[in-house]
Structures are given as C-alpha cells and as structure tokens.
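Labels run A, B, C, D, E and F following the written order; every chain starts at residue 1.
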Amino acid sequence: MNPKNILIIIRQAPYSSTLPAAALDILLTAAAFEQNITLLFMGDGVLHLLSEQNATSSGMRNISKALPSLELYEVKKIFLEESALHKRKIENEELVMPLATLSLPEIAEVTEKADQVFNF
Amino acid sequence: MNPKNILIIIRQAPYSSTLPAAALDILLTAAAFEQNITLLFMGDGVLHLLSEQNATSSGMRNISKALPSLELYEVKKIFLEESALHKRKIENEELVMPLATLSLPEIAEVTEKADQVFNF
Amino acid sequence: MILHLINKSPAKSSALEDCIAVLQAKKSTSAMMLIEDAVYLTVSQAGNEALHEKIRTLALPCYILKEDLTIRGLSLDLADCFSLVDYAGFVQLSLDYDKVQNWS
Amino acid sequence: MILHLINKSPAKSSALEDCIAVLQAKKSTSAMMLIEDAVYLTVSQAGNEALHEKIRTLALPCYILKEDLTIRGLSLDLADCFSLVDYAGFVQLSLDYDKVQNWS
Amino acid sequence: MQSFTLVIYGSPESQSSSTALNYARALLKSGHEIYRLFFYQDGVLNACSFNTPTQDEENLPVIWQTLIQEHRIDAVVCVASALERGIIDAAEAERYELPASNLREGFEISGLGQLVDGLINSDRLINFLP
Amino acid sequence: MQSFTLVIYGSPESQSSSTALNYARALLKSGHEIYRLFFYQDGVLNACSFNTPTQDEENLPVIWQTLIQEHRIDAVVCVASALERGIIDAAEAERYELPASNLREGFEISGLGQLVDGLINSDRLINFLP
C-alpha cells in the first residue's frame, strides 16, 4: 500500500492547549509507519518556533525542543505560513530552526493534496 | 458574621463550557449559607436565557430550566447587561423570565460593592 | 474537495476566519460544516453578519448542524448563506467530500 | 479597587476587551493582571497594539506575570503600558487590592 | 458501505464527546461501519469505569460502552494519554502496584499506532476536537 | 499574615493547575497561609492517585500532594465534580461497589459548602480558571 500524505497543521499557541503536543506524537507515530508527512505552522502556531522557551514551571510539554530533531525521523517537509512571522514582528533569527514559507494559495494546494489533515 | 455580598457573572455561552453550571452550583450553595447574592448575565451569557433550549443530546447540563426557580432560594437580584440582548437581536419575549438590566457603569458599581466576584 | 469542520464560536476562535482566508486564496469546490459552538455564527449580530457576507462572497456551501441549533434554543430560520443538516446529513457530507479537515 | 485577573489570549477570548469596557464605564483605581495565555497581548501585532492604546488611555496599571512570558519565549522588553511582576508580586497585588476578579 | 475511524479528543464534560457519539450512531444507522474508535488526550476519560454522576446528567462512559458492546466496536484508548490521566488497565495496575483497574469493560489500551492504522485502513478518519 | 482559599478548576493538563501551584508556593514563601485548597470541576483530576505519566512531564498530582502534606494544608475535592469524573474515596468505592479508591492521600472529598466556608472565613478567595 502506498504511504498516505498526511498534513499536520499547528495553529494553537504554546501552553494554551495540549493539542500541539498531540500533533507531534501523531507525527512521530505516522513517521514510524513510513507515511509521507508535511508539517505546517500557521497563525499563533509559529510561536512554538521561538527559541527561548523554557517550560519548567508550566506543567505542560514544550515541543520547540523536539523540532530540530524531526529530520532524524525523515520529516523534511516543514513549513510556516508566510505572513505569520511578519504579523507578529518576529525575525527569522529568533526561531529554533530556519523554515521555508508557504503562501495561502500554496497552503490551499498542500491541503487539497493531503489524504488526511490534522489541524490543531 | 454579616453575610458576604457575592456577585456571580455568567459570560460564557451555553454548552461551550461547564463553568456556567459551576456558577449555578456555587450560587445555590452560597444561598443555602444565607449569603447575599447577585446574579448577572453579560455578553454571550444572555444566551442561557433563551427559552427554547433542549439539552437532550448534548451530554451537558442546561441551566435555563433552573433559573425561574431561583426565587425559591431567595435569589432575587438577577440582572442582565443592558446591551447584550439588543446586540444579538434577541427580544425580551424569547427569554425564560423577564429581567432588569444594568448599564456598564452600574455593572462597574455592583462589581465594586461585591465582597467576592465569580465571573465565569 | 474538503469538508471544513468548525466547532468554535467566532467569538472564541479565529477558526472560521482562518478557514475562509484559505478558501479565498484558491478556487475550490470545498464546503464548511459548522457544529457545536460554531453554530452561534447564525445569530444576527454585527460581527457575525460581516462573516455571513464573506461566506456569500465565497459562494461555497456552509452547513449548520440542526441539533446544535436546537439544544441552544437558536432559530432554525437561517440567513441564505446557510443550509441545515442533521447528523445523517453530516455523515453523508463526510463521504461526499474527499476528507474532513478540522478547524478548532 | 479590584485586581482584574485575565488568563486568555486576546485572540481566543473577549475577556480583556470586556474588562476594559467595564473599566472605561466608571472611573476607578483598579488594575489588570495578565497571566497564562493573556501575556500574548505583549506581542507587537496589529490587534494587540490597538489594545495597548486602550490600556494607555485607561491609565490603570496592567501587570504581566514574568514567568508566563519566560516559558513562552516572549520578550521581557515590554511596551510602556505594562509592568512585570513575579509570583511574589502577584500574591502581594492580590492583597493590595480589595478582591481579585477573573475574566476568562 | 464505508468504514470510519473516529478520534475522540474531549472528556465526557466536553460537548465534543457527545457529538462523536451522535455521529457514530448516525453512521451506523446509515449502514456504514466503524473500523475503530480511538480515544486520545482527555478523550481517554470516556473510558473510566469509576464515574458515578449524581446529578441528572448522562453518564457518557456508560453510553459509549453500550454502543461499543452492542455493535462489537474496536475501542482503543491511547496508552500515553491514559497513564497521564490515571486511566489504567489490569496489567498497568499490577505494574505500577495500584489497587485496581479503572478501565471500563469494552475499551482496550494501546498505542498511537492504532490511530495511524485506522487512518491507513479505513475510508474516513474524523477528528472530534474539544 | 493573611489567609487564602484557592479554587482550582483546571485538570493537571491545563496550565491553570500549575499557575495555582506556583501561586500557592509564593504565598507560603511570603509568610501567608492557605486556609483551604478547593478542587472543583476538572480540577478534581489533580487528586487522582492512578496517574503514572510516562513522558518527561511532571506528575502534578504528586507535586500537589507533596505541597499539601509538607504544609498540612486542608485540600478538599468537590464531591459532585469528583463522582462525575470518576474520582472516588474509599467510602464511595464501597457504596458504588467499585474495586478501589483512586483519591490520592492528602486530599479529602467534601461538598461545595467548603468553598463557601473558605470564602467566608479566609481573607482572599482566588479562582484559577482553566
């Protein structure tokens, strides 16, 4: 059976919800099943990419530390929404890793091509 | 000891949260302890007052049915935010019970006079 | 062809607006399905009416789960940009479209 | 004299706006205390900056819980309408004001 | 006939659990089948056997269980979510030296692989977010 | 020295539980006292004794318990919220014929009257909403 195209979108800000951590766990499991994975950060989801996070006193999982290691899991298609950084006046240098961007029409296209979307 | 002035504000829409039901339970308990209670519906909270609700298939508690019986518990100060109905194009006749309204300056005053506010 | 499933009130989440922004960006034959607190969008109030207008301009179907209007005591007499469906209709729509995508 | 405690992001809740509306309606010596996701208000983006301006006009203190900025990796270099406090400061503020009122 | 995997993320207190339940009933009534129910995140609380609501509220775990047993549905509870939230089966009760299991009969604890398997092997995977 | 009642409405998965915990530590450090902790709504899940997180996450129920026992704090769990969510003490386990209690030691199940008593008899009642 051909691998499925799975698109995982993270739109929620860190610490507001456990869904982004759930998304990461689905991603890692699907990667272990050798599915074809795309990860996209939209809207407030880009705040997960800020490099200075420190979860110690929050009781919640911080996914920013796991992101740079995703390549080890053969997850190479990681994008962020084009305007999301600019809107929040965040510079590329503040991110844990450099990422390619997608415009809204490109996001629409990636979404249409996916077999399944997890949009958290 | 003098009774405390307790203000309970319901601002969340029905079925979006269990907090409005929690507010009602606090109100009934405080009434049993003979505290001085004011109940205020603000913003989307006024939607609890719609008379046609039917919670059967939601799995969540519906507080609208309990409201008309609050007088039995000596809870007589029940208000709604002045502009909340108008903003939602809801007519007085659609409500489970008629209520007096408070303007924002009046709400500010009631809030200041309370010893404790539960704002859900 | 995606069925976009939205379950949050427009007062509490940008889910619907973000979904509309993507639908505006590229012509498609997708649809929106509003459940749970998202059905508060049908209440005629200022912020909602601006969203109704955006949905009209998109000219894509926007389905409302009838049961979620009923339990909230909201009117079933909807603006012309909406269509009512029950749970059986919701299931059928999930199959009519290629996939269901959540917005929360 | 109320300490208004707000814990939701302005993107997810009208809590802060509703609180400001009440504070605008009647002159008081109250204050706002922003914790958890409410600290996302400090990020300089369009919608937030309009709220910063409203807080400046109110001319009431708006405290930000430092720990909640730190765990989110947000800048501690805040706009002039905000003051940083730690948990000890938060406890002291709860006592300095007559009561603490939540907005969620 | 099409097959569905439903993923339930919300606790019995969230409306999303009831929505998933109503959706499950409607799809069975329309002649489709449920390949798997996957309870994830707070959704695992739907599998607790200790709930005894006193109020006039419905006991959602009991309603889920009835549906699962009547239709012999594969109902999987995510192990990581369950352990974090204090839902344990007999094996884990023994392993962690806890006095009893509180996993309701009809539910089974397993890994996220079962969600991905559902995605691969059923016609539709529907997420019910809280 | 002032006395506080803290009401915790959020589960261990919600940041509000950690916020309440940090606040509790800070007030004790400042020389004030906790009249009562009241666990309400999903907050009762902080009193579960079956949690065994496998990840690198903190076990919040254990951290609450440590604070409660070290400072001999009165920690009350709302009975209605607890029964709805499957948190039971030994008496309820017997009453409902369930195999064991899953209420963590240090916590006690009681009614909402304890919240109102906290409101009346302490200097400040602070709500930690999820």
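By our rule, a contact is a pair of C-beta atoms (placed from the backbone, for glycine too) under 8 Å apart; a residue touches a chain by one contact, two chains touch by 3 or more.
Model, not experiment: these values are computed from the prediction.
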{"item": "Shared chain contacts [chain A and chain C, defined touch]", "value": "D, E"}
{"item": "Between chain A and chain E, the fewest steps along chains that touch one another", "value": "1"}
{"item": "Most widely separated chain from chain D, with each centre as the mean of CA atoms", "value": "E"}
{"item": "Copy pair chain E, chain F: interface residue numbering same or different (half cut)", "value": "same"}
{"item": "Chain separated most widely from chain B, comparing mean CA positions", "value": "A"}
{"item": "Between chain A and chain B, centroid-to-centroid distance (C-alpha), Å", "value": "41"}
{"item": "Distance from chain F to chain D - Cα centre to Cα centre, in angstrom", "value": "26"}
{"item": "Computed distance of Cα centres, chain D from chain C, in Å", "value": "33"}
{"item": "Residues within chain A bordering two or more other chains", "value": "15-16, 18-19, 57-58, 116, 118, 120"}
{"item": "Residues of chain E touching at least two other chains", "value": "12-13, 15, 22, 41-42, 55, 57, 80, 127, 129"}
{"item": "Where chain C touches two or more other chains at once, by residue number", "value": "11-12, 14, 36-37, 67, 99, 102, 104"}
{"item": "Chains touching one another, given as label pairs in label order", "value": "A-C, A-D, A-E, A-F, B-C, B-D, B-E, B-F, C-D, C-E, D-F, E-F"}
{"item": "Chain D-facing residues of chain F, complex", "value": "2, 4, 15-16, 19, 22-23, 25-27, 29-30, 32, 123-124, 126-127, 129-130"}
{"item": "Chain D residues touching chain C - in the complex, by the definition given at the top", "value": "11-14"}
{"item": "Chain E-touching residues of chain F, taken from the complex the two chains share", "value": "11-13, 41-42, 45, 48-55, 57, 61, 79-80, 83-88, 92, 96, 98-102"}
{"item": "Contact set on chain E toward chain B in their complex", "value": "12-13, 15, 17-18, 21-22, 55-58, 60"}
{"item": "In the complex, chain A residues that touch chain C", "value": "11-12, 19, 42-43, 103-105, 107-109, 111-112, 114-120"}
